[in-house]
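Down below are the structures I want you to see.
In the two assemblies presented below, chain A is common to both, partnered first by chain B and then by chain C.
Let's turn to the complex of A and B:
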């Protein structure tokens, strides 16, 4: 530790190394958190259900999404990204997933909410298999930390179906 | 600041001051230096202070549930550590090495090395 510059370099290097260790421990402390989220989605209305000029089915619906995701937040959470996807099976694909709506929850206070909305993104099928189709609505969430690894999980809600005829 | 007041201030702070040159006696360079004991002390203080502040910052952040608090406490700790260990404070120079004064060195000339012309040659 001979000179001013030498000591300054030593201090900064050691400080940054310790900061990296602190961030690692912070990220590991997230494992002590056991989340217990809950959600409910109601389809209020099928606005319209048509076959597009290219031949694909499209449906527009209004839904009421209510959820309590407060237990997902820790001191190391920056934001939670959530989205609602419709999942169903067709002859061609064993699983189709179509994202209908998403949002970013920036803080714990906003994590308990309900929203009445039409689908943000178009619900279009690859083909015309949607008449009378039974589908699941899944609420996915991605927890984005301030430091560390992102984690994701979902809730699957079953029992939804589309009308038999176009409207 | 006049040389006199600068001198008085330096001697008050603990720097050894010479009246002739109005500069601290730490030669050979004109910069203030630390002695060997001081360097070791500075390194120890730095490592211990940084670790203590890191632990304090993590505990504070975890208890308060605030990541920002952890970073702020740690940044404050790093700055404080830097202020204490990086500049050449006088308490790092309590065991100074007293270099020989140039006028004193002239009185004791270096011994001359005589090169003897004895060579052992290997004749082919």
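Let's turn to the complex of A and C:
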């Protein structure tokens, strides 16, 4: 009953149980955080707007993204993954979401930022429906914790539109 | 030296009834683990509710050896979600993020494009020949939570099977030689 094996087994079981409990409590502590993020995106320029050889529309644009996401960080946050997506509707598709740019924010100090960039990923439609298209730009963020439950949310910015003609 | 002698003695002194009791209790442990696993599959709606991250394509968020908890609900798949999917013809599931969604007006079916956070390009190179998008039936679940480092046990056991055999052998020996 008191052999080395039994003691080791009891110790290990206890240690693993306590560790699991600590991870769960750490994750629960994230629920006490009420985030209040803000963001603004301005499209500075439509660089070009063409129909590809395969028949799909493609746009290249430059935008200015500024955001303050510092309130999303807690002691249990490892990083926040953010991306900007264009969302629009076409005749065939009720929803299209195309990610244009993403970044990883590793720490709270980097969470208040301003960036001037062209789209990192190609803005290609499934078809050629983009002429004169109205679309929303959404800034999504994904909070990845050191341990536990992940959470994600977004800000929707409306009122953007593409030119009527290719250029 | 005395320990080896004790082990040999205890193996020699095993009676049938005692042996059967031990076999049944071992069976109970194995089946209750199976029940918990299948129960998790039902609750999360996913074929494999827990996966181990095997590659570094989602660093620094998920490192090799982390485990992910999956959940599959009927909610539509949206950009930004981290999904686990299987490619036809490949057995290892891949954990990447959705970057493009095209949802049909009439049927509600989706075409989804994924990319690993740490990869330069999207996953079209990984998909099957001629496949441009993933559909819902390829996706096994969404990642909703994670635990760091715990998956290393699985990785070590898969990549060095000798350790798996040693562990099972040692457990078997423990069960046979235990006095209760």
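The criterion applied here is as follows: the second predicted complex is superposed on the first by the 166 of 167 C-alpha atoms of A that agree within 3 Å, B and C clash if a C-alpha of one lies under 4 Å from a C-alpha of the other, contacts with A are read in each partner's own complex, and residues count from 1 in each chain.
Keep this in mind: a contact is a pair of C-beta atoms (placed from the backbone, for glycine too) under 8 Å apart; a residue touches a chain by one contact, two chains touch by 3 or more.
Quick caveat: nothing in here was measured; it's all calculated off a predicted structure.
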Fit or clash between chain C and chain B when superposed on chain A: fit
Partner chain in contact with A:29 - chain B first, chain C second, else both or neither: first
Of chain B and chain C, the chain that contacts the larger number of chain A residues: C
Chain B versus chain C as contact partner of A:18, first or second or both or neither: first
First (chain B), second (chain C), both or neither touched by A:76: first
Angular separation of chain B and chain C about chain A, which is computed from CA centres of the superposed model and rounded to the nearest 10 °: 40
Touching partner for A:7 - first (chain B), second (chain C), both, neither: first
Contacts of A:152 with chain B and chain C, given as first, second, both or neither: second
After fitting on chain A: smallest Cα gap, chain B-chain C, Å: 10
Chain C-contacting residues of chain A that also contact chain B: 146-147
Residue ranges of chain A in contact with chain C within the complex: 5, 23, 27, 78-79, 81, 83, 85, 91-99, 102, 104, 106, 121, 126, 140, 142, 144-150, 152, 154
Residue numbers on chain C that touch chain A, as the complex places them: 60-62, 78-82, 97, 99-105, 108, 111, 117, 122, 143-148, 174
Interface residues, chain A side, partner chain B - complex: 1-2, 4, 7-8, 10-11, 14-15, 18-19, 21-22, 25-26, 29, 75-76, 146-147
In the complex, chain B residues that touch chain A: 34, 39-40, 42-43, 46-47, 50-51, 54, 57-58, 61-62, 64-67, 70, 74, 78, 81-82, 85-88
